[in-house]
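To keep things simple, chains are lettered A, B, C and D as they appear, and every chain counts its residues starting from 1.
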Amino acid sequence: MPKMNMVQAINLALREEMQRDRDVVVLGEDVGKDGGVFRISEGLVEEFGTERIMDTPLAESGIVGTAIGMAVYGLKPVAEIQFMGFIYPAIDQIFSHAARIRSRTRGRFTCPVVIRTPYGAGIKAPELHSESTEALFCHMPGVKVVVPSSPYNAKGLLISSIRDPDPVIFLESTRLYRLIKEDVPEGEYTIPLGKARVVQEGRDVTIISWGSMLHRALQAVTGIDAEVIDLMTLNPFDEETVYKSVKKTGRVVIVHEAPKTCGFGAEISASISEDAMLYLKAPIIRVTGYDAVMPLPKLEDYYMPAAERIKKAIDEIMKY
Amino acid sequence: MPKMNMVQAINLALREEMQRDRDVVVLGEDVGKDGGVFRISEGLVEEFGTERIMDTPLAESGIVGTAIGMAVYGLKPVAEIQFMGFIYPAIDQIFSHAARIRSRTRGRFTCPVVIRTPYGAGIKAPELHSESTEALFCHMPGVKVVVPSSPYNAKGLLISSIRDPDPVIFLESTRLYRLIKEDVPEGEYTIPLGKARVVQEGRDVTIISWGSMLHRALQAVTGIDAEVIDLMTLNPFDEETVYKSVKKTGRVVIVHEAPKTCGFGAEISASISEDAMLYLKAPIIRVTGYDAVMPLPKLEDYYMPAAERIKKAIDEIMKY
Amino acid sequence: MPERIIESINVRRLDILNEKGDVDEQLMPSLSDDDIKRMYELLVLSRTFDHRALNLQREGRLGTYASILGQEASQIGSAFALEKTDWIFPSFREMGVYITMGYPVYMLFQYWSGDERGVKTPDDLNIFPVCVPVGTQIPHASGAAMAIKYRGDKKAVAVYFGDGGTSEGDFHEGLNMAGVFKLPVVFICQNNQWAISVPREKQTASRTLAQKAYAYGFEGIQVDGNDIFAVYKATKDAVDKAKKGEGPTLIECVTYRMSDHTTADDAARYRLKEEVEIWKPKDPVLRLKLFMERKGLWNEDYQKEAEEKARAAVDEAVKMEEAIGHPDPKDMFTYTYAKPTARQQKQMEGL
Amino acid sequence: MPERIIESINVRRLDILNEKGDVDEQLMPSLSDDDIKRMYELLVLSRTFDHRALNLQREGRLGTYASILGQEASQIGSAFALEKTDWIFPSFREMGVYITMGYPVYMLFQYWSGDERGVKTPDDLNIFPVCVPVGTQIPHASGAAMAIKYRGDKKAVAVYFGDGGTSEGDFHEGLNMAGVFKLPVVFICQNNQWAISVPREKQTASRTLAQKAYAYGFEGIQVDGNDIFAVYKATKDAVDKAKKGEGPTLIECVTYRMSDHTTADDAARYRLKEEVEIWKPKDPVLRLKLFMERKGLWNEDYQKEAEEKARAAVDEAVKMEEAIGHPDPKDMFTYTYAKPTARQQKQMEGL
């Protein structure tokens, strides 16, 4: 089986889905000849032509808005937003329309659009190139939010997202794009949305994370009998898998790189408090980015949760 | 002392602040002759002229973007977004700029803008006229989020917001605008941002809410020895007051009208779990709007937390 | 190397039917007598609907409602140039368009009564639901047009918005996309002179709204929006052009909002009665009537009959709407996603 | 009532200094020999800075950097028409503007090395920090201009953006505000033909970018952006007009991005070398040199001296930048709000 990094795996997923289904089209800034600034769509315009791989003007609301129009008409657009920091102008289209079209029309129209965007810090990029505001999108019913953590699950999750009948925000960690290689089969396979993955079983503490931070979490658990959960889908998240683990370990650490306040960690923690509190042996700890504006590269490393910070949190709740 | 509803109290706060400080200006759609669709700025254009009460074109990103430019230059703009459902096109300006200007320029430039907007359901208005997405703004460091629950605190909080050196999102419940009258003194008084208010002391359970839902919460606690907290400022929220109460009662119900998932209730719950869990006697319950698109008026009442739903939640945790 | 002119733009204005009922024969589009009568009856039906909606609102039987009074020619004239297979993206003030396309009238009442089921477009129509956030429907139209072009379908897209809508960023981004990709879409701006309390001159400093099209490299044309023939002709030409693959057009229909912005508004606060008076003789129904009378297509009996028919249709629609049961609260969850989530399931059970 | 033309728009193009170094004497703005030499030296300094920045980036001493090569005349020519008291809203590619305004060069290196302290604008300048999200700075400029107008200050605002920037909704909303309120702002578009890999023709179908101004009711003018005199004159005229209260202007500077988009880009993937070659003889520095040579303002010695001075300034700036210590991690929190919150305090202590 070929070893691939995440860029290659996502590229392959797009390629195969486009081969399979003529309704799948790609649009965004620089997705054509340039292959996207991260080369995710490399080679696609050569294979599928400019009718299916569309370089758009520089207009994020316009990109998502036209993708919505295409989706409602019956296509399966995959829109790329160049960085998550540039998705904000498109939030109105996502919240006011993509999320609501099925509901508003009682199912007459639907909006099977995928919005892919690179997220997160770790590559020393300029301002607004390191955003991790996944929680915003989880507060909007009607939208699904998916964050792969490895090449293998990136491919399977992207295929599921493209085939999903509802809008999906698909977040790709810039830090992971070329960091990890793993076996990625050619040909189709899907990973269901809404299901988490127990990366490692354990009895003492449950670590919940996703995307890039999952790997930091894994670094932090050496020597600890930790159960590590990769959420993969944040909205809707897999409560069952989380609660099952919490009931076993009684201790929870949640790790994400977004600011703590109102990050998705808050939702997980609150859900556990509501539904599984009686199993808890210790406070639920969130190890997160700080409540400060994401700094420029010189301070980036201080901002992101490091393995030590995670380890410290685990050690702390292991005292209970 | 004159009895006023919230519309009148906010109008008075604007009027007095504009009298006091020539740098305070108001801009937005229909804020001039029309006095705003809720009449918040009624009479202001007559008193202060069109240079200070500016009817703008229909462009929310433009309104907030120009307000940012004015604020950076040295004015104190109070921008009105006609309904919270129309703030989404301005989120980019709020997140990418208003929130970051001080940080980005190490304090050389600041952005003392107030963005007022009516929020929430309860007046049987059309689609997108009932949004309550305050949590989104609480995830953005650099922005403050304020939600008054009564005419008296609306005035005091708005004055504080206008004088605050940083950007403030000021959310006004459409349902409350004309629902309650209370004594509102003329002349200046401020209510500090970042401080909660204990509306009613109690020993058995802590109810945390804000804005319109506070009143539903108050309806629900008859016959219960409940401590009721009105957060007033959501970002940054008054952890001290919350924890103090939790330590006393050991039981928490949080009430908000936004969808549950990733609502601000999640943050409060998660914060308590982290910092005060050992005092808890029962799961933390959130009584919230549902994880569904806010329905049109015919189903609005089913969507919003009713006093019974809150009461049921309280009864449930009183069993612990 | 002196200064030179590198681009010249001329904005056209089209008028066909004047206030007295005269038409410019050269410009008059080919419409049969039956077509013209159908147009007239649609004007009457729309006005009857609008009137009833305002009454029902006053009685508390509908929610906030946005009247189309005065704008009927812009709506019916343009929709008349569309086929059922075309795609339509309305704003919230296009009841005349819905009615012209054959949308069930009772469903319009249902929508305005606050029931989503009213905008579940029937399968034989492609009208997108009422769009509340101003201007946001414009990129959707470009997107649908992109899909039409991609599939090679022989359809056009029409999208409606107001003078205020031209100020939103989405107007800009949507029209620019249409220009770049030469999309089969017709942008129909009903310039009714007001965006709630903001008059047209404060909305933008450009002399016309039509000229905004040239910023995107395609034609914009202004028409008398109370002149149903001019509106029809401009739209028909633009739709034909779109279907021939010759790209988008912006049509500015100059009309007037005779009523308050919505039933929640009071226009007396910000505009002079005199201004409204000026527009009364420009009424779109009146002038078509004058034209038809001269052509022998109109008389008092015909008028009565048309009104009767309209009233019956609206009565029937009101009755049908009232016969519909209250929506099931569970419906809140049914259409969020294709399948409710586990969390929604739990919430639904707790209802 | 035939069809008629209701608005005619003519878009002007200004050229003064051609590739051979000839100027149109009639259009030539009044500039002393010293001014012209200062302009030239700023071109040289900016180019030297740019070159060094690219080298430092290659050595890993700066982060991603956006070269200004080829665009110096657009930047320096326009900034030369501004006063220190004017307000400037750059995008991320305006190093020539910063340098012309007298922004400390070491701070520019500091910014590009990933340190916020580099965009703490000195108190005697009103340059807004580098703006990364394309087009979003445009409404700020209109806002600052609104404040200037409100206060009655005798200042103008200049805002910079690229051809790609004209596609964003914020461009539209910002320019429309400026038109409606007749604001003292100059919109300077550096049309460098590319937005990363998207060529100008795919960015918008309008023949010029200048003509977009007419959508907002004010003048747009196109200039040869590699002609420093044309850029200067158009900007000076627009700034004077702004300060006289006569409203905004859009200036399209037609220029070319000679380098990759940024150091993270590889332009060879999407554009032909031949295209770049075509632009080489149009170089803005070269043609000013030819002009000055003919006027006796330039010789080899002068060139050496100018280069020497530029190199010394840049060397000095690099040294200064390197002498600055690493920012304190606590700085992350210091400037979020006027005062850190309790939660931030706790987080700061845990650092």
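Rule of thumb we're sticking to: a contact is a pair of C-beta atoms (placed from the backbone, for glycine too) under 8 Å apart; a residue touches a chain by one contact, two chains touch by 3 or more.
Everything numeric in this text was worked out from a predicted model, so none of it was measured.
> What's the minimum number of touch steps needed to get from chain A to chain D?
When the steps are counted carefully, the minimum from chain A to chain D is 1.
> Hey, how far is the Cα centre of chain A from the one of chain B, in Å?
Roughly 30 Å, centre to centre.
> Need the CA-centroid distance for the pair chain B / chain C, whole Å please.
That gives a centre separation of 36 Å.
> Roughly how many whole angstrom separate the Cα centroids of chain C and chain D?
43
> With chain centres defined as C-alpha means, what is the inter-centre distance between chain A and chain C in Å?
40
> At least two other chains touched by the same residue of chain A: list those residues.
Each of 56-57, 59, 61-62, 85, 88-89, 92, 96, 103-104, 127-128, 141-142, 236, 261, 290-293 in chain A touches at least two other chains.
> Two or more other chains in contact with one residue: find those residues in chain C.
Where chain C meets two or more other chains at a single residue, that happens at 116, 132-133, 167-170, 172-173, 176, 180, 202-204, 331, 335-336, 341, 343.
> Think of each chain as a node with edges to the chains it touches; is that a line, ring, star, complete or other?
complete
> Spell out the part of chain B that touches chain A in their complex, as residue ranges.
Chain B reaches chain A through residues 61, 85, 88-89, 91-92, 95-96, 99-100, 103-104, 127-128, 133, 135-136, 138-142, 235-236, 258-259, 261-267, 269-275, 277-278, 280, 282-286, 290-293.
> Which bits of chain C are touching chain B when the two form their complex?
Touching chain B from chain C are residues 63-64, 92, 111, 113-116, 130, 132-135, 164-165, 167-170, 195-198, 202-204, 264-265, 269-270, 326-327, 329, 331-333, 335-336, 341, 343-344, 347, 351.
> What residues on chain A touch chain D, complex-wise?
Per the stated touch rule, the residues are 29-30, 32-35, 37, 55-62, 85-86, 88-89, 124-129, 260-261, 290-293, 295-300, 302-303.
> Okay, in this complex, where on chain C does chain D touch?
1-16, 18, 22, 24, 26-27, 167-173, 176, 179-180, 182, 202-208, 210-212, 214-218, 222
> How about chain C: which of its residues touch chain A in the complex?
Touching chain A from chain C are residues 87, 89, 116-117, 119-121, 123, 128-129, 132-133, 136, 138-148, 150-151, 169-170, 172-174, 176-177, 180-181, 331, 334-338, 341-343.
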